[in-house]
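Below, chain A partners chain B and then partners chain C, in two separate complexes.
Right, the complex of A and B next:
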């Protein structure tokens, strides 16, 4: 640090206001407020900050004081907002300690009048915060993130007209209310629902490009989502899914531009209901990466989901699958000889990464199928589950012996002690 | 926009720290970098090394490829973190970035300036930036009292 000039000239104070604001925005609010004491010219610069972030680091450090509204975060926010001058474009409040109190509702009311564009609220776990109706009058919102919140949109609510990004985590909301919320925000590009407890969800969002759903869903239908590019779904409900239609079509029937698909937990199982291999069209020309977790290779129907996916994605480059299989007693093993399209070619497939593999018959047939039909394959990465009693090294040897369509495959083998 | 023969590394590190903006000699680009960059607003004198870094960054930040832009930003941030750049030079670049409206350049350098303010006492910040305190002791005390939580140290 250059500090050997005794009296340095002040180049900073007279910089244009917007530069000072950019610098102050990158400071924790405490430091920004401290600049008010630097000199008389700095006294009010912090009060025109348009991006505010309040969190537990903003105020006094000891736990006792933190919890009290009179000290701690509440006081800080109150005084800050009271002195604030001008618009607020981004407001973040994130606290593990702050519980619901009347002030929070007042802050939201204040923000709704300041044309806030980006809002992020997350309070303590003890009591979920019930969003006041003034939240729904923040018409300028472009991004909204809520954690541990009860949402009850008023009847006359017609959606956030400018909302592009919506992130709801641990939210309590009526099922049709969340569907209406999503469909009424017509500009919505990014939607994330996590820790979601809701039975059925139908998504209608014509401009949506990014979708992440995670929770206890019984049924998911992407009804009007033609622009989706990235889809990530985690389904935690274990019971058998009831469905009279094909779930695969309900989820992926209308996403021609999809580039990346990620599925967790019971996703593969959900997708298998009502699925057939039938006549497969190359439907997903942009799909490059498939990432599936906890896929049960014991279950032929789940394998058919994967096959349907890779057979409909002519430009697929990467497959990553985490297995979750137990049974050494496979059914339908003759599928691979009879029904599996042996003349398929995965022309762009470069990387295959498989983890939690146990060397079960279906797993081996699947690996054999990929190796034999991927002329451009560069990496075959397999991690094996190793049980204490297991001394069998044959799995990797067997894979190496499979016929390969690509001369340049790099095999990466590893073992995971289970 | 410009003819740019991309060299594959940043210039060799000059052991001297860059000038503080009061140097009168402008630098000649080294022979192996044939960069004919036509910037609308010329970069003020920040020393040869930093000048090249900034020029290269501005070029890459105009690329259509997001990966190129991201890599350039990371490279710039690394450079700023590891090189000792004087306060005045930092602010000169900040002002320049603002004038040419290069948001990524502005962001990267403002972040560095903010790092110099973070967690410091007010007297330290004044000293670093040469800010003259024109409050009376009474005024200053009253201000600190207005936001006691900000001044708990």
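Right, the complex of A and C next:
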């Protein structure tokens, strides 16, 4: 055994500090603290950990224990922070039991002085935590994640100068405050808003590459987001909203670099509202994946949205659509001949996956259109909604009979009992 | 490979020369070796292309670990592997004895091979998670060099586990015992005080009604603590009580730093009949110990309410039950050690309150 590697027999204690810290970071905090009884050299090793994660596992919640679970956690955090020595770069607090209490505010104050870089707070569901103003003085923040919070940025707040990732879930914040927050964090690369109840949202984030929006929106406008690569929007709209301008342009008008688009719920519907004002429609050269849910093939305008999308994405590789259509009416079928250019070619399209298809006329036309114009298609995966009364396999037979541009298509058919 | 400093482009595979700290030199495919950032940098700096100019690897890399690292690199540098394959390889790869694993971690770190450092660190963390300190020391051959005192010193009670709190209390008593042993080898340690936090609290609450005495008591406690526990850095909520008794008489009430008073306090409790004996014993000890002069009038009032005593009893039982159901052997040892010296069933701490102390058999009694 090489004696220069180990001191006496101890294998681990003399490993470089960075490795010990890596190991301790991979332990739950309780276990990390417990290493202090191992030997004299281990006594205070844990006190310099820079990444801290506090959750309900930190203290044993004992049935006999008179104190409430959250009291245990509060004590743990307090004692830990008092004994901790050194900078804290990442701090996560996640508890189902801990409701807001004065200590939480104090911890935030403490952290704001420690130049914390990544912060994640998620407390109990019962009461939303009102973020104290010291949160907004964490100037070194790179990543911020808040769950069930009330945010009220102070007037003098000029944004987090280093913030790259922002994740707000179930946040209560004034609409213009959130817009200002987003636009003032100029380095912002990733933005996630979930369970968001807002009215209009205009996103101005010149460095943003990842965007995920989910909630009740009346209006979404991506005004200054030239670097966006991944967009995922789940809109729950109460009723149809008539827009004077074109929603498609508002959302996708300024994202030339987009590579992946995901739209849930009312997204396709929302996109279909409004007419394009004759502006030159951008080409999405990088767009590779389109993933849409609850698309109603009954609605001509929604079909137009899809067509517009796929026709302006010459490098599209994957289309995934979940349908939500009912009408067996074969009206307006000539729409397809009118709107689909015969020479359209989806040169890169490899995978098409359609679910919740009922074999309705418009759905079939769409499949036919794709099959006939995708010379590189490899997979056509269709899942049919089967009602109890249904027996026939006509839909699949019909699909197989369509003219296909690619010889190598693998058909995958499945049925979903509804 | 006859020309130094020149890599022949027409060779199918380039080889790189590496030298470990012991002097041995070996040849490795370049595509494998450059997976290590350290080696990559050295190659860019012009080293390693021939036997006469091998890349000197950091001291922490010995031939065995180097070979392991190269195996790792050889597998992972192939781009076409699936995540599943890689994961499966990793799992098999880290199966080695602990010593080797530590060496490997160290070597990978010095070669800046971060994915391997992560992998091995995770494996080492798994060996630590959930284990007792003894098990961990065993696994890694960590010398158990904390002094008895340090080990017995409360662990700053981070986890707030009631078992740890009790352990701390018991350790504290044990420590006190050890101290006394040192000081007075001739004197038989007789009556011991019960460390009775919950009762302390009750009493201080009671005493709180005579505002004065409580404050006085607390201040004196603090003095005592400061002197006694110079090794402790904080005033922990569960403080090392200087009372030595191993009876699990304390309930689950949180004590907020009101430590029980040390044994040399004069006992003034009048609660139970056989106290007087103890009183005598304690008084005599007091003379000898006299650690703290100023603590005289701990006049605590009229003794314990029968209700409170009942509550104490209940707490004791409850705690003992829990204690015995999942307590590590060591503590059992401790308990039985302490039990041997109990002369009487009741003991009193400085505050004059009494608790039912259980001896070893008493413990079982409680269990039932």
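Convention: the second predicted complex is superposed on the first by the 390 of 418 C-alpha atoms of A that agree within 3 Å, B and C clash if a C-alpha of one lies under 4 Å from a C-alpha of the other, contacts with A are read in each partner's own complex, and residues count from 1 in each chain.
Here is the rule we use: a residue touches a chain if its C-beta (ideal position, glycine included) is under 8 Å from a C-beta of that chain, and two chains touch if they have at least 3 such contacts.
Note that this is a predicted model, so its numbers are computed, not measured.
Q: Now for A:30: first (chain B), second (chain C), both, or neither, which partner does it touch?
A: In the superposition, A:30 contacts both chain B and chain C.
Q: So, does A:362 touch the first partner chain B, the second partner chain C, both, or neither?
A: After superposition on chain A, A:362 lies in contact with neither partner.
Q: Touching A:9, do we find chain B (first), chain C (second), both, or neither?
A: Both: A:9 reaches chain B and chain C.
Q: So, does A:82 touch the first partner chain B, the second partner chain C, both, or neither?
A: So A:82 only meets chain C here.
Q: Which residues form the common part of the chain A surface touched by chain B and by chain C?
A: The answer is residues 1-2, 8-13, 15-16, 18-19, 22-24, 26-28, 30-31, 33-40, 42-43, 58-60, 72, 75-76, 79 of chain A.
Q: Spell out the residues on chain C that touch chain A in their complex, using ranges where they run on.
A: It comes out as residues 21, 59-60, 62, 98-99, 102-103, 105-106, 109, 117-118, 121-122, 124-125, 128-130, 133, 136-137, 140-146, 150-151, 155-162, 234, 237, 252-254, 318, 322.
Q: Could you please specify the touching residues of chain A with respect to chain C in the complex?
A: It is residues 1-2, 4-6, 8-13, 15-16, 18-19, 22-24, 26-28, 30-31, 33-40, 42-43, 58-60, 62, 64-67, 72, 75-76, 79-80, 82-83 of chain A that touch chain C.
Q: State the interface residues of chain B toward chain A in the complex, per the touch definition above.
A: 17, 20, 84, 86-88, 91-92, 94-95, 98, 106-107, 110-111, 113-114, 116-120, 122, 125-135, 140, 143-144, 146-147, 149-152
Q: In the complex, go through chain A and note every residue touching chain B.
A: Going by the criterion above, the answer is residues 1-3, 7-13, 15-16, 18-19, 22-24, 26-28, 30-31, 33-40, 42-43, 58-60, 71-72, 75-76, 79.
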